[in-house]
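Letters are used for the chains, namely A, B and C, taken in the order the chains are written, and counting of residues starts over at 1 for each.
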Amino acid sequence: MSKILEGLYYSDDHEWVKVLEDDLVLVGVTDFAQAELGDVVFVDLPEEGDEIVKGEEFGAVESVKAASDLVAPISGEVIEVNEELASEPERVNQEPYEAWFLKVKLNDPKELEKLLDHKAYKEEISE
Amino acid sequence: MFKYFPHTKADIEKMLKSLNISSIDELFNELPESVIYNSDYDIPSFMSEAELRSYFDQLNNQNKELTLFSGLGAYDHYQPAIIDAITSRQEFMTSYTPYQPEISQGTLQYIFEYQSMIQTLTGMDVSNASMYDGSTSTAEACFMAASISRKRSKLLISTTLNPNTIKVIETYLKFKGLEWDYVDSKNGVTDLKDMKSKLDKDIAGVVVQNPNFFGHIENYDGFSETLKENKSLFIMNADISTLGVLKTPFEQGADIACGECQSLGMPVAYGGPFLGYLATNKSYVRKMPGRICGYTHDLEGKRAFVLTLQAREQHIRRSKANSNICSNQSLMALFVTIYLSTMGKHGLKKVNELSYQGSHYLYDRLLKTGKFKDPFNQPFLKEFVLETTISHDLIQEALLENNIFGGYSLQSFGDEYENLVNFAVTEKRTKAEIDRLVEILEGLS
Amino acid sequence: MIQYDKLIFELSREERVGYSLPKSRFNDYSFNDLNEQFLRNEEPYLPEVSELDVLRHFTNISNKNFGIENGFYPLGSCTMKYNPKINEEIASLRGFRRIHPLQPASTVQGALKVYYELQRILSEVSGLHEFTLNSYAGAHGELVGLMIIKKYHQSRQDFKRNKIIIPDSAHGTNPASVVVCGMKVIEISSNKRGRVDLQSLKEAVEGRDDIAGMMLTNPNTLGIFEDDICEITKVIHEAGGLMYYDGANLNALLGKVRPGDMGFDVMHINLHKTFSTPHGGGGPGSGPVGVTKELEPFLPNPRIKKLEDHYYIEENGDAIGRISSYYGNYLVSLRAYVYLLTLGKENIKLVGPYATLNANYIKNALKTAYQLPIDGNCMHEVVFNGLINKDTDIKTLDIAKRLLDYGMHAPTIYFPLLFPQAIMIEPTETESLQTIDAFINIMHKIAIEAKEDPDKLKDAPTKTPIRRTDEVFAAKEMIFSYKDYLTYTEEREQ
């Protein structure tokens, strides 16, 4: 059974968004996504200052036999990239909700309302 | 019956019976009748082994084995006898790509050793498992640069590259939708000033060749700094054999090293199979095309090798892969690995020393005839070009009469080279052969 | 022997040599005369070993490999047929090995004849007009073929055609080649019969004026014939596109069907599959590209032509350009030519039928234990979707690994992507009923083991030189050279 945390926003592409303050959020992938991928060996992320656009690819997660594109759940400017994942990509498997990928400053906080809450996401992955 | 088909009548009948059909044709019943080809192909009848031997002996005799004084990408270096002995082992020759590491450690290990040798010769961090040839590996290096730079779409190509390599790069770039421009040469080497004048924020990378098309050893002082400042990659096509003594691409600040490996143990073989190498910095490894072999262990802790970082490749990434390549020139990488194992660093140095000596002796002797002159006066290693007033056709004819191939006219590569002829001297050329070459050329006017 | 566990670098002893080079002849000269700035600062790290060291090393590691002469090699989509020895003998003749690619045509007439005549045979066998042998491999052939398609449209001043249709069952190289050629992929789904869904195809091209063409493997990657091929071709041609034939599975058709007759305009052939040249552990292969008469001017340079009894080299201004340094993997072409003359018109027509008979026999014998997702006749290969019995947690990977313990190579696994537990078996025409029966018996034995002794499969292989490998370690640690390896072991010791 995949772990889903209350209080986070979720996308259909199995990413989570955690609001830190007002328009500042963290983005990562869900427990369900990491389990589907298998052992993560590499996370390809944008650079600080890059813009990500909702619905568009911004990077990729690689396991030994697969690579999945990361699709931006929201739009905004990348404020910080989690550098730890470069040397410890396995953290995505071990603690998916701690191993955030990007800190993003939202262009439009209202975009969050279009994401799923934990209940809706639970339904989504049980289908 | 035929020797490659073990199907006896009894076996066929047994198989048909198990399938509940009466003829093999029934297996093709679902095929539309309009596409079935019912007649014999209009191709020759089969030959027995004896007939094949005599037919190919004839063809073999229609090819003239010449004493080679030509290079331009294919060099007549010494091939240790053990290369053929080892590469013809069926375990290496007939196996597939090493997808099942448990029964492919032979292939995987020599690929790892090959990568190690390319690594140390180029000085770069990491080599892939090899590419088709030097020209396509250079074209792939250009794609890599464009991909690393993300949004840049233009390459600068030095005009001192072998024109065939330039043509291949152009074909690749043209169809991919990338642009290019040329860096002029000055005195037979890439002109730094011209390169600087053409650099802008759209240049993903600059490609040079060393030693270049003319055989000249180029001086890249200032190149790498300039390119770093412009955030463009420095792509160096280098003759791998010469890297036994010449400054490495890494030492010259290259970001990607690539080129031809034919000179490491492969016959000239009318142009192939050869092998292209590609090496780069570790930070770019995920943008690198082709296979990569990595070290690991099995579940008992035994040393093992596997193909790795496959998530970059076409069979997983499909349309998002950086390259469509799905093989390497694996067996040719074995040629390279055996060659370099046999030669070691001393042998490779000696090959370069002997080639240097022979080519400089020939160079001096040709200049002394008064019929040749060097319009450039640049340093070279085993290959050089000269201007001559003797007709190029006459040179070729006279040499062919003496079973020599040399003094190749560069005019066939373009009118801009119209007066130039090429000579290459490897460690295989004897003093007697060189003296004979000079004697023949001296007699022409 | 299996215990041999050394890298060539670990055999190195200072001063030992394995080479034999001539004495210095011109001692007035030395590369040390070059300005120091041109010379490398640090010596390369290459092994110093004796000739016998080298031979033993590579002989020992070769014993950890499995070749076609070791045993059955039913690797689907790879056509692992016997690689004849006579091919090798001829390819080692001095007159072919020792000619420089720039030698004048008059001195290489034999070599040019091989190129030209092989090209003629490939044309006849495939029903296309003319071939180039310059492309180095199947994927390279795909790229060249797509360049030709693009160039054809451009030559008619039609610059908007940049979409290539590809079925979802296609090899990964197809979509990758399309993108490298600067075009875009439209993927269409397969129907329940495992074939191109004609309706989806029609909808995909409906009202579009940007279809450049379609790439198709036939028989497809499920080993079944696209029996709607004539309609598919018609739909694409009416949409203004060209048909590309991926020759990966051409072996099934030899003697029965010619791609040109099915309406294909461009194709590549894998000489290392269909025409018996060795795979070499991943290359060198060869991927000649054939085209219709209309597309002939676009074939890459250089070209080999014939005038009366004389063969010559030509460059054509309409060509897509140059795609190789010289004439492709020439010695590979030579081997294929030897093979074709060995077969001749009498035997070549049996290749497809025998390969197909072998595959159907296997399909029939295994379908009681392995799930057959698409029923009906297959061609030269058959795809199962794991065991019928889904109660165990035995996966296709375990079955493949167990086969290794029984001394056979594994089939292709997890391809095509349409079935999660795909096992793809291709026996080829060079295998006998007795070998195939032995394989079938082992496959049934494995199916029983899966139920009764699943650990045997989970632990497999145990009889191979190494056991299952840690691929996550390889991808994370990124040890790609002896230098990396030394750094890694040093760090670990500290």
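Criterion: contacts are C-beta pairs under 8 Å (C-beta built on N, C-alpha and C of every residue); 3 or more make two chains touch, one makes a residue touch a chain.
Because the structure is predicted, anything quoted here is derived from the model rather than measured.
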item: Contact-richer chain pair [B-C vs A-C]; value: B-C
item: Innermost chain by mean C-alpha position; value: C
item: Centre distance in Å when subunit A and subunit B are each reduced to the mean of their C-alpha atoms; value: 43
item: For subunit B paired with subunit C, centre-to-centre distance based on mean C-alpha positions, whole Å; value: 19
item: Where subunit A and subunit C are represented by their mean Cα positions, the distance between them in whole Å; value: 38
item: Multi-chain contact residues (two or more partners), subunit B; value: 308, 316-317, 320
item: In subunit A, residues with contacts to at least two other chains; value: 41-42, 62, 64-65
item: Touching two or more other chains - residue numbers and ranges from subunit C; value: 471, 475
item: Residue numbers on subunit C that touch subunit A, as the complex places them; value: 471-472, 475-476
item: Touch list for subunit A against partner subunit C, complex; value: 39, 41-42, 62, 64-65, 89-90
item: Residue numbers on subunit B that touch subunit A, as the complex places them; value: 286, 308, 310-312, 316-317, 320
item: Touching residues on subunit A, where the partner in the complex is subunit B; value: 41-42, 44, 62-67, 69
